[in-house]
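The first chain written gets the first letter, and so on, giving A, B, C and D; residue counts start at 1 in each chain.
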Amino acid sequence: MKSADIRALVTAVVCIVLAALVPFVFNGYWLSIALTAMMYIALSTSWALFSGPTHYISLASGAFFGVGGYLVATGMSDYNQSFWLMMFVAAIAATVLAGLIGLATLRLSGVYFVIFTLGLAEMIRNLVSWVQNNFLGSRGLYVLTDFTEAHIYWMLLTVASAVFIFGWLVERSRLGFALKIIGNDETVARHVGINTAWTKVVLFMSTGFFAALVGAIIAPRYSYIEPNLVFSPELSFLVVIMALLGGTHRLWGPLLGVIPFTLIWEAISIWIPNFTTLFLGIAFLTIVYFVPNGFVGLLEKTRGSRGVKAGS
Amino acid sequence: MFKIISANSIRKGFSALVVVTLTTLLSFTAHAADPIKIGAVAPKTGPLAGGAAVTQWPNIELWVKEVNARGGLKLKDGQRMLELIEYDDKTNPGEHIKAVQRLATQDKVDFIVAPYGTGFNIAAAPIYAKYGYPQIAVSAISDKMDELTARYPSLFFTLGTTTAFVNGVKDILAGMRDSGKIGNKIAMVNVADAFGIELAEAARPIFKDAGFDIVYDKSYPLGTPDLSPVVKGAKAAAPDAFVAWSYPPDTFGLTEQAIIEDLQVGAYYTAVATCFPAFGQKFGSKIDGVFGAGGVNPDTEEMQAYFKRHKEMTGKDADYWASANTYVSLQILEQAIEGVGDVDREAVTQYIKDNSFDTIMGEIKFDNQISHKFWTVGQWQDGVFRGVASSNMDGVAEIKEKSGWN
Amino acid sequence: MNTATNNPGLTRSGKPAARIASGRTLLEVQSVSKAFGGLLAVDDLSFSVREGEVLGIVGPNGSGKTTVMNLVSGVFSVSSGEIYLDGQDLTAVPAHKIARAGVARTFQLVKVLPGLSTIDNVIAGAVFARRRRWGSEAKSHARNLLDRVGLGGRQTQPVSSLTYIDQKRVELARALAGDPQILLLDEWLAGLNPSELQTGMELVQSLSDEGRTIILVEHVMDAIRSLCDRCIVVNSGRLIAEGTPSAVLSDPAVIAAYLGEEHD
Amino acid sequence: MDILISGLLLGGTYVLIALGLNLQYGVARIMNLANGEMLVLGALASFWMFVSSAVSPLLTLILVIPLAFIGNWLIYRLLLIPLVRRARHQGQLEVDSILATFGMSFVLVGIMVALHGEYFTYSFLARPITILQSTVALNRLVAFGFAVLIGALLVLWLNYSRAGMAVRAVAVDPASARLVGINVEKISALAFAVGGSVAAVAGVLISTFITLDASVGVIFTMKALIIIIMGGVGDVRGAIVAALILGLVETLVATLIDPGLTLASAYLIFLLVLLFKPQGLFGRAQT
């Protein structure tokens, strides 16, 4: 292991430990912000693992998140299964689903993929609602547990850490290298012997896995699951936007997007409760126009320019 | 060079923003002379915003204005005005929880108006319970009320259970059948989301046990643009009654199609939003005799005064169901606070449990945190949506026979 | 160096003709056709390549040369016909499997991986292909190959900062990195100035001297004449001549096909 | 017959929804996620004029068309051209335009919520009319008529006018269009503005028979995207055919199988088209 690796590892461990202490220091409001941020860190980072190198903009997060939340709810509410079992089932189901979708759509060019995944959450919501309505029946999907916000936060932190470890391993593996090549030139990738479809599908499955886990963990927080709310297209967009805002070509890029975004979002929600959406839009446009390469880009540019100055 | 400068200035601007946020968040402290802080979180955007804009927000506005107009709430140590702090939950449970946390721990509000929508009331219940806020849930119907109220000691329900709702409809239909007005064939449709699935699931055995024959039983997805196949399908089954467990946009869509298709049924029922003034305005006299969820008794002096004040203070018409319930929940809160004479939440919660309240819907009291006094079915009669079935309400109107769609 | 250097030290002229003639057939293309919509780009084409041989494919523009390369390397699948590599059926096999079987190629318009460093561009060819290397092994292998193509010491440079010919060298090194059984060079010498051309030809020559099997699609006739053991000529997707470069290039049918076209 | 007619009418609605975005995405290369909001804005204008001053939606059209044209032209000139200029390749423009128009959709939703947070619902031409023994709503029929009209006008304009020819050239290949002397930016702005006003017109017409609210736009955007991808990006005829097919299939499934499966079936066809004809029904094969 190189010294840079060790430094990164130590930093990561320190960050995780600090993050784990948050519920002891903050309670209530700040914890719920941290929880929201942690949820998006897990989602955006795992999203970027796939979409960063391949440039496929996946809007499927909402679909997998929904599968997670929905399966936990229906399993616990209608079939008296334990939360843990359903969390596991949900993650596996979403992984399989992502695999099937990936096989079907990842051969397509980017745009088609974007639009397909955009509608995916809607399609799955319609299908599961229909199945529930006609075959299973339900008297409401309740997820009543004794988890506190702190518990949910720690679970999310675990998932987020797992995403980082996974990302770190992928980056150092042949799989990660293959992805990088695919992102640069897919034709070349094929001709140096990379099974491009398989590589993309595997990574896409990992985003499905993690998003479903997050959805499953969030379900107890929602307590009552409405398909309409867990299969949320807005969530898909927010995940993408936070990741792009941070920057997708670094593992820690999305992190830099999620944290300021969550804070801006919160600030606007507080200041202008009647025009939140309007001002969120404006904040959004400002970011797109003035921070085009994400915060990572901004950071590297400043650092780069400082380096040049020092050299001259 | 320009780019570097602008990047830096953005960064500076951004950090300034963060600093300002933090200071704003931390700068709230309560003073004794301050007004009573009331928090409210409900959708202003997202799928439920349209409903909340009719039922929830205007009543909060009305109540705060009224109380302040008469000088505030009378407490032991004098009158105190109300200060409203409102947040948009964007129809997102996560946002909602965060906003309630903020109200509780940052704004340190004294009371919070219960959320809008079943899911939101249940999602927020643990936090209300944690900080001891009384939560008088209005726009929430559930069959798990007993379990939920046992779990959350400060949660109150006022609008009835899923089963009560279905039974209301069943009673009306059975009554009409027994008096020979309709036959026993029901066409039932529902929106395929939590609310519709739950009601349809509850309705199937209830209708069957009452001797009805469900001749058409289909769901349609939330957001279906064209409901004509649904209405055509129902019509083809030649039912005597049409029952739709529907949400606002499709309540409008189904009824429009029923008029177009000239769906001839002795009883026509759509669920949420049938009671909206916009429903009456849109269809005029055509919907005379249409049944819908909820209802009011508009003839009492209190209700008439309430409708008038609602229109005057908010510029909007109250709906003929949950608007009044929402207002009632605020009246209960108001009377409990004044009864205790203090903003002690625990005492107020206990007061709500122990006392009965004089409201625009008559006397309301809670039995194990559940009020059993609510309307279940209403009917449009000469431009007014009247309650025709209820649980323990006075002034139930006679059912009017529906004569086509004119 | 663990590349297959069968006959180090042998110059081209020293390569025994007998060995090539007797070498086993490595690539076998049998009655292959390819249609794009109504257009028949390759029409019932058959040829074979023996181990250690340098085969030239020539023909006027649009005659289907690059399509042949694309069929062999799996960019397109054939409409009819079969392709075998060392007895293994490559018809209807996806490109990455063909690459793993040992077919490596360069592209008519140079394709480097712009986001990667020069050495990573070469490593890209070493990790997933016929002979797989990873980690330090791949790195030292790539470094050797960069030395081999004349780019020693430029490993960490961003590949986008390299000149055109250097990018072509990187592409060649990448193709070599997986120890291919057969190397497809698609107009690899095109667009080079005379001195670069000289260097390029020497490089290809040295690869041939190592005993590599190469298919060369080329417009540069000097290169064909000096590098190829054998040539096939395609016109309108059909094979019109086959033989040694000098024989083929003086074939009247070939001259007719090129008539009106500038042959440099 | 019922199915055919209801299906065609629904298809007509989809034609209205999709045509605007088809121009914006196919020609100006902006995947405009705020397209649905533009549609809802048209609906809001129509609702507001009808409820406050009893103005017929058909008259509102006269007002909405030029306003939407100017509004969208300005959006393109002021907000989108900087993105087009800074994009180094198509992929980057796609990402940037997704982000920017998503922001715009928030802004538009915010404005509309402030104007009218409740449902936009009113009754206009909600009369039954019988064609070929099938009962349909007059307002849907009117909307269908406009869909046919707008579709026809666009096809004529694109195929028989100079500007239309330029628009098609830009749709096929902006780089080559530039080479033959077409001002690509100007044509793109034109296409974007025309697309925006088509969306607003669609909103006006659709509001006569569908109950909308300020937040509902994304549903229309999604539908529109599905249709234009199915039809082939930038191809007006393709979009029209795809929209009609979608309308027919949804009605067919709703009537014969189960209304609960309509939207799911729409997705299924979309997926099938993607798998077997990825360039869309009328798309040009990509090389």
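Quick note on the criterion: contacts are C-beta pairs under 8 Å (C-beta built on N, C-alpha and C of every residue); 3 or more make two chains touch, one makes a residue touch a chain.
Not measured: the values here are computed from a predicted model.
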For chain D, the least number of touch steps when starting out from chain A: 1
Co-neighbours of chain D and chain C - touch as defined: A
By mean Cα position, the chain sitting nearest the middle: A
Most distant chain from chain C by Cα centroid: B
Centre-of-Cα separation between chain D and chain B, whole angstrom: 34
Distance between chain centroids, defined by C-alpha means - chain A, chain C (Å): 44
Whole-Å gap separating chain B and chain C, where each centre is the average of the chain's CA atoms: 73
Distance from chain B to chain A - Cα centre to Cα centre, in angstrom: 33
Multi-chain contact sites of chain D, meaning residues that touch two or more partners: 109-110, 113, 258, 260, 263-264
Per-residue multi-chain contacts in chain B, two or more chains: 44-47, 91, 192, 219, 221
Touching two or more other chains - residues of chain A: 126, 129-130, 133-134, 234, 274, 276-277
Pairs of chains, among all present, that meet the touch criterion: A-B, A-C, A-D, B-D
Contact footprint of chain B on chain A as seen in their complex: 27-33, 36, 39, 125-126, 129-130, 132-134, 137-142, 144, 149, 218, 221-229, 232, 234, 260, 263-264, 266-267, 269-271, 273-274, 276-277, 290-291, 298, 301-302, 305
Chain B-touching residues of chain D, taken from the complex the two chains share: 2-3, 6, 9-10, 13, 109-110, 113, 117-119, 121-123, 126-128, 135-137, 209-216, 219, 223, 247, 250-251, 254-255, 258-260, 262-264
Touching residues on chain A, where the partner in the complex is chain D: 55, 57, 104-105, 107-112, 114-116, 118-120, 122-123, 126-127, 129-130, 133-134, 233-234, 237, 240-241, 244, 274-285, 287-289, 292
Residue ranges of chain B touching chain D (in the complex, touch as defined): 44-47, 49-50, 52-54, 57, 91, 189, 192, 218-221, 223-230, 232-233, 248-249, 252-253, 256-257, 259-262, 273, 276, 278-279, 281-284
Of chain A, residues touching chain C in the complex: 174, 177-178, 180-181, 183-185, 187-196
